[in-house]
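To keep things clear, I will list the structure first and then write my remarks on it.
We call the chains A, B and C, going by the order they appear; numbering starts again at 1 in every chain.
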Amino acid sequence: MAAIDTTIIKDTPASPAAAGDYEYVIESKDLCLYYGKTMALKHISMGIRANSITAIIGPSGCGKSTYLRCLNRMNDLVPGVRVTGSSTFKGRNIYDRDVDVVALRKQIGMVFQKPNPFPMSIYDNVAYGPRIHGTRNRQELDRIVEKSLRQAALWDELRDRLQDSALSISGGQQQRLCIARCLAVEPEVLLMDEPASALDPIATSKIEDLMRVLKEKYTIVIVTHNMQQAARVSDRTAFFLMGELIEYDNTRKLFETPSDRRTEDYITGRFG
Amino acid sequence: MEHRYLINNVGIGLLWVSGCITVLSLLVIIVYILAQGLPVVTWGFLTQNPASHDRAGGIFATIVATVAVTLIAILVSTPISVAAAIYMAEYAGDSWLTNLVRFGADSLAGIPSIVFGLFGYIMFVHYAGWNYSLLAGGVTLALMALPIILRVSEEAIKVVPDSYKHGSLAMGASKWQTIWKVVLPTALPGIITGVILGMGRAVGETAAVLLTAGSWAKVPGSVFDPVRTMTVHIYTLATENLSMKNAYGTAAVLVIMVLAITLTSNYLTRRYIKKLGGSR
Amino acid sequence: MSEYSFTGKPVRKVVEKVIESSLLLCALSCILTIFLIILFIITQGMPIILKEGPVDFVLGTTWDPYNDIYNILPMIIGTFVVTLLSLAIAVPLGLGCAMLIAEVAPYQVRGIIRPAIETLAAIPSIIYGLFGLIVLVPFIRDYIVPFARDYIAWMPLVGDLVGAKGNGFGVLAAGVILAVMILPTIISISEDSLRAVPRELREGSLAIGATKWQMITGIVTPAALSGIIAGVVLGMGRAIGETMAVLMVAGNSPIIPTSLLSMTRPMTSAIVLEWNYATGDHQTALFAIGIVLLFVIMILNLIIYLGKRKKLNVARM
């Protein structure tokens, strides 16, 4: 199946692949994931639209984070993981053999549950990505750092402290710094794995505001255990349960008139 | 009931006694050596060479020898052992190969120094044709320092949080870029601790250098000259009864060097743990 | 160039592979070194063992380089006796110390003892030897020997075991110095394994009314036993392999030691002592001693390694 996809795609004109060329920037088809013999994701098929926020909700252990990590192949790092089916990024199966995961991840950034700034200065954190991808020029780096911090709404708070250790700022600032760090390599997609779960309400609302601004330029997929958060920020929501995709629809529709009984039980708090 | 508490108190008391004996034995040894040796240590003692067949003079040449041998050992050993540590911690996983390398490193750490000496003699002094020399001694010591630097560095690399690595990998850094730019800088204090501990072993070693570097108390002109390290100097002076006074003096200088090394590595370890917010 | 900037096989992948292979090569150097050490020591020393016959070499009692007779039983016994004595002193002392800092003493005391142990471990063996030579040996000569002669020698068995004559050099001095040297190994490994015992076990024991001493000896120590044994085996290896400190206080006559106060020449000492004037068969014989040392140490290593594996497997279950 993957082979067919490839031939079709190779025929498409070699124009810079603007997100609009495809209905979905990311599209999974029949994606299954196994931890050893256990099937952790069961036949997931869903597409993610460009310049939108897609939320993935579900009870703990439902596979939502695992699915997110399939999208930039971070699951490769877990020993014993096997993936079948396909997941495409701009029409191309990222599980094909000739895919360079390093280049892939440059275009699909990821923000983690716990803020994970590197133990270096704030400036070096943001400049890390451009540097590993070959930018050496100091002025260029300065420009990227400022731009990224501005996008993450951090510039005004941190402009005088760029050489301070990234570990010295607050948790909320650290998480926005991690977002800025991702933005610095200009990805097309941002994967966010419960980005606000370790933060207080004020820091959380700052992150949510930030996401609404960022979706103008980026495609965002967020995993959250907080249904209000999903309802507040996302355009579309997917509900996962025990490794299965139960329902995937417009956020409003899913929360107001869910079509599956299990979705309704979950969002009304009957379980989970 | 009374009986039980009595035993408890006596038992706990004995534990305190053993703690005291341990600390006291350290104090007695160090204080004794320093008290005997420090009065001998003058500027002249440090800067002059041994004279009148080692019966007088200073220890300059032996300090040079110790520093040079240690330097060679560290320069040879550090790149190899840190590279090995990176492989063990980041690439190898839990395979038979890792187990084999770990067994090799552990065995290497347990091999008596005199056996290293025999090996260094036959391999470097004899077959390689370096004769008794600075180089042969240094390389032999490098082999001895290898397991120390490897184990400590491996631990230091392993405690670098996964979140750092994942953060870097998720941005499209390659594995090596992640290791070079994020993991190694974070682990650096730990790696330096390992190198310092390796230095400690090299500085204090006697038997292996005696069999590979010789016992020639002159400042070496090249790496192929034989040398006499401070440890071998103490051995020669004390067992041939040439000058107890100078043996004490050399011992005092050696003890101070080793204390400095231990304190530095302790300090670095503590800072490293603090930096990573751990509580080990 | 593909339109998909994340496909293709970039140079970077090759570079990554090259780096990984060179790292692997460095890791293998450990095994290579061990292999070379075993190979060279064996090829160098084997001729003498074959010439003397393995049984005579190990069990014969005559070491006489002038007449080309190389049997090392006295040295093996020397090593064995000195090691045993050092363990007899260091194991109770070290275990006590480990229990103290792991279970009893407040945090600050550990802050004193731990650095002290690390320093003890860092002091070069030649310093221990020097200390033994100028403090311990005269002490034994001037106080212990007269004491043994006047008050212990008359006792049956014990008197013979201790001996009544001596110049201070010998089994006792070497054993005591070695004990201090292997203390750090025993203490730190025992402490680690005591600490690894889950807190629930301790609390469970105290909750049913055990005293602290009963908790330590009855619950915690048995639970930590495999680690403690590993520490003792490691300390034993260190005692067997130690050279300089022993050499300076053991007295070095190549006889079978008969009492605590008699002189001895352990295997390691023999090598250094005779190195300077050994040539030909004599030097080969010193390498043959190296083979025996290596053999014993590798067996100890294997014991520790297998013990660790077992523990890991248990932990996995």
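Keep this in mind: a residue touches a chain if its C-beta (ideal position, glycine included) is under 8 Å from a C-beta of that chain, and two chains touch if they have at least 3 such contacts.
Since the model is a prediction, treat every value here as computed from it, not as a measurement.
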item	value
Category of the chain touch graph - line, ring, star, complete, other	complete
Identity of the chain that, by mean CA position, is farthest from chain B	A
Cα-centroid distance, chain A relative to chain B, in whole angstrom	48
Interchain centroid distance [CA atoms averaged], chain A/chain C, Å	55
Whole-Å gap between the CA centroids of chain B and chain C	17
Touching two or more other chains - residues of chain B	174
Per-residue multi-chain contacts in chain A, two or more chains	102-104, 106-107
Of all residues in chain C, the ones touching two or more other chains	12
Residues on chain C engaged by chain A in the complex (per definition of touch)	3-10, 12-13
Chain C contact footprint on chain A (complex, rising order)	9, 12, 14-17, 89-90, 92, 94, 96, 98-104, 106-107
Contacting residues of chain A [partner chain B, same complex]	72, 74, 77, 79, 102-107, 109-110, 112, 114, 116-120, 128-129, 131-133, 178, 181-182, 185
Sites on chain C touched by chain B in the complex	12, 15-16, 19-20, 22-24, 26-31, 33-34, 36-37, 40-41, 44, 92-97, 99-101, 104-105, 109, 112-113, 115-120, 122-131, 133-135, 180, 183, 187, 211-214, 216-217, 234, 237-238, 240-244, 248, 268, 271-272, 275, 286-287, 290, 293-294, 297-298, 300-301, 304-305, 309
Parts of chain B lying in touch with chain A, wherever the complex brings them together	93, 161, 163-164, 166-174, 177, 181-182, 185-186, 275-276
